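These notes open a run of structures that come right after.
The same chain A turns up in both complexes below, where it pairs with chain B and then with chain C.
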Partner chain A sequence: MTRQTRIALWGLLVPLAILALWQVAAMLQRTPLFPGPGKVALAIWANYPVILRELGITLLRAVVGFGLAAVTMIPLGIFLGRVRVIGRVLEPLMDMLATLPPPAIIPLVMLFAGTGDGAKVVIIAYAAAVPLLMNTYEASHSIHPMLSRVARSLHLSRFETMRLIDLPSSLPMIATGARLAIASSLLVSVTSEMLLATNGIGTFLQRSQETFKIDAGLAGIAFISLAGIIVNAGVFRLEKNWLFWHYRDQRPAE
Partner chain B sequence: MTGILTASDVGKSYGSGDTRMAIIDGLNLSIAKGEFVSLVGPSGCGKTTLLMCLSGLLSPNLGKVGFKGQVVTAPPIGLSVVFQDYSRSLLPWKTNLDNVLFGMRRVTGMDAAQKKARALEILEAVGLPGFAGHYPWQVSGGMQQRVAIARGIASQSELLLLDEPLAAVDAQTRADMQDLLLDLAKRFDQTCVLVTHDVEEAVYMADRVLVLGPRPTRVVREIVVDLPKPRDQISTREAPAFLHARHEVMELIRSMRQGKALS
Partner chain C sequence: MIPGIAVLAEKFRVPICIALVLGVWQIVFVLGVVNEKYFPSIPTIAVAFGQMLTDGSVIAAWATTFLRALIGLIGAALLGVALAIVSDLSPILSRGIRYVSDVLQPIPPAAFVPMAVFMLGLGSKLYAFVIILVTVWPPYLNGVAALAGVGPVQLNTGRMFGLTNWGLLWRVKLPAALPEIFTGIRYAATISLIAVIVSEMLAGRDGIGFMIFKKAFAMRTPEVFGLMFLVAINGVLLNGLVNLLRRGLTGWHMRMMERSE
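So, the complex of A and B:
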């Protein structure tokens, strides 16, 4: 057995040990408020159609909110990085927004947009917008002057420079922003459902807790983690495909 | 002054106030169409800065640069630059072939397939067949430099400004590249301005060598290289006119270095 596989096995053993301890503790307690892993597994089986449907709603809103933020903030960030004057004027505003926790705007948005899908998507889009804009702007305005010279000497227009030079060379930092934005979108999507209870996995969790169905709630949490793992794996794949030139590992030929 | 490229009383400085540093002062030159001119000078004298001013990428504080009779305020169409910082000037997300094609964006009268064929032909000419599909960061510095040269040549510009384009190329390949550059310049009717710190190279390639003085720089001597073309790596370098020109340039540069050491 190599060192690697030994470490991997230990890595599996830790969660298994926790599950075992949890099961023992739950059996000693014998109350529905403290279900063991067995109970949770049963709850997953009993609730998975509902959980998947609610989780689907939550994810859909997260995707729409993130998408809206991405298609507006990435171009805006590139633009502000290239047209420095405007970028510099807006920098303090961006810094202020960056420190504001996204859920803080929920009551305000409720006031204007109510509690429906629209309101939730707006809040998610805002949450995703901040890291996307900040990272894109930062990347685009710190592009090496050499690349700007290349663009000018090849007679690219401003728009062509943004599209063909600034965007690709900003992609690695945009990806970092996108990771933060995705995590933030999921977080805010779930949180907004807890505060503006209508539907979605956040509402499901809230209801489960209020009706003392702790096992169903834990089942919901298990699905959220699973969704998170899948999304992360997807992002990782995309980065590998699109940014291989940034994470270059090949050695030069010759 | 007439000529495809002219500089009249050009002055350029970086910074302002106490940190102001004059780089170029009262520089004049004129390059005739079809000419191959080498610029040599002590390191740090402002050769790259001058080339940036000539290309329209930097604007001089004083004087004027003219290209085909027009005052240069931005890089004009018909002028291409091969940058000294070749590694950063290539786009890492594009293959070598796509980098060369990127330099051909303004080339007219060719469709995509013809452009690709031409780009491959030039990559082969610079000794990189089989590396078209590689990315710049997958090949050595010398090869990257040849990709950058290929991009410059492929643009089919009337005027090519080359900033130490062979500095990272190994000695054997360098001789081949010198002949290739001369050959392609003639074939595509390109006027070339070559910055180099290699005096032999400057003389070997040029119709005329302009020697730049220490910072703030200007042209301190013009040496016409009276040697037939095409040049030959062996016989040209043994010709009395070659040795004479080389001697003159080297002596000038040595005296400038000593002057600097004394002051």
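So, the complex of A and C:
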């Protein structure tokens, strides 16, 4: 057994200890409103088909909203970074948008677009747009001047420069923005469902509370967490595969 | 000529941005693209906002929300740094806490609220629990990375001065890690505000989040816009406070960065 695996195994004691404490606390409380991990495990078994179906709806909306934001904000960010005057002048506007927490716009969007899929996708797209736009702009704005000179000596047009120089060299930072945006779209997808309850895992959580099935609600939360872990791991893998050139270039510098 | 305009435009970019937003807004309103009920004119919003301010309840709600976010942030920052220090002392605990953070981090604050309401009520306990649970991770993760990244030269210099392990942590590692920890705290400030607003919307008793939702259901659009403006101000204020503290605690680092530029 290597040192690494030994640490990993002993480390498991921390979450296990927390689970044990929780179980003891739940047994002392003796109320269905504070279920222990055992009850939650049973609730997972009883509810997993429903939870998976609702979670699928949630994830689908998150993907659509994120896709919408990526398709519009990455080109916009590169444009603002390349056409410096416009970008610099609009910087305060971007900062203003960044200070407004995405869930705060939920009531507003509800006024405009109701509670349906469209409204939720708009909210998710807004949540994903801010980190994507900021990071893309920051990356293409602070691009190495030598790269711009290369573009000029190759007589690339503005559009070609953006597509062939700015986009690839901004990708590592866009990836960071995308990671934030994915986390944020998942979060907002669930939140929007809780506030504008129609369907999805967020609505499932609300219904569980209203019917006093806290164990089912916690089972739903466990699945949200699992989905988050899987998505994060997937994004990490994709980043390693697509941006291998970036990590390869970085290593000797360390 | 053109560069002159560019420089001028950059100098006055804040007023330009504000004028741009107000201008586009008013044009959309005048053209009547969107129903006036959902898209009030700027003067209407300003008047509604002014009326709300004269009524004390908005100020009270605003203060409640801001204080909740601030207290939650302070608690989360302290706990995050404490967890980072513990992680730095023991690799096993570090791995263990990382398991917990991996599981808890993807869960949105909104999801905790309905489950915690029965246990914690609708008062400050609920907000402290939800905010700290979602806000603690950025300071913690940055703290772990920063404490581990303190250079060997600094550590050896500290040892040469005869510092014990505690002294080393307190007087060398922690100060060296503070700038990166503050990056985490700044990110945490944003999250804590989100967590407060969402919890207030769901708990539905007081605060700006609740007020926005109430006004939205009553179709009072101008007031909704006004309250959103207040939320944004909260964000700016919270960020300003964090920056102030950062300047006080890590001013040496910022001066160093400026000099090297």
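Throughout what follows, the second predicted complex is superposed on the first by the 246 of 254 C-alpha atoms of A that agree within 3 Å, B and C clash if a C-alpha of one lies under 4 Å from a C-alpha of the other, contacts with A are read in each partner's own complex, and residues count from 1 in each chain.
FYI, a residue touches a chain if its C-beta (ideal position, glycine included) is under 8 Å from a C-beta of that chain, and two chains touch if they have at least 3 such contacts.
Just so you know, these numbers come straight off a predicted model, no measurement behind them.
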Which of chain B and chain C A:R152 touches, first, second, both or neither: first
Partner chain in contact with A:R248 - chain B first, chain C second, else both or neither: first
First, second, both or neither for A:I165, with chain B first and chain C second: first
Chain B versus chain C as contact partner of A:L90, first or second or both or neither: second
Partner chain in contact with A:G118 - chain B first, chain C second, else both or neither: neither
Which of chain B and chain C A:A104 touches, first, second, both or neither: second
Which superposed partner A:G234 touches (first chain B, second chain C, both, neither): neither
Greater chain A contact set [chain C / chain B]: C
In the complex, chain B residues that touch chain A: 52, 55, 57, 74-75, 77, 79-81, 83, 85, 88-89, 91-93, 102-103, 105-106, 131, 134-135, 137-143, 155
Partner chain A, residues of chain C touching it in the complex: 6, 9-10, 13-14, 16-17, 20-21, 34, 38, 91-100, 102-115, 117-119, 190, 193-194, 197-198, 201-202, 209, 212-213, 215-217, 219, 221, 224-225, 228, 231-232, 235-236, 239
Touching residues on chain A, where the partner in the complex is chain C: 7-8, 10-15, 18, 33-34, 85, 88-93, 96, 99-108, 110-112, 183, 186-188, 190-191, 194-195, 202, 205-206, 208-209, 212, 214, 217-218, 220-221, 224-225, 227-229, 231-232
Complex contacts: residues of chain A adjacent to chain B: 144, 146-147, 149-150, 152-156, 164-165, 168-169, 171, 245-246, 248, 250, 252-254
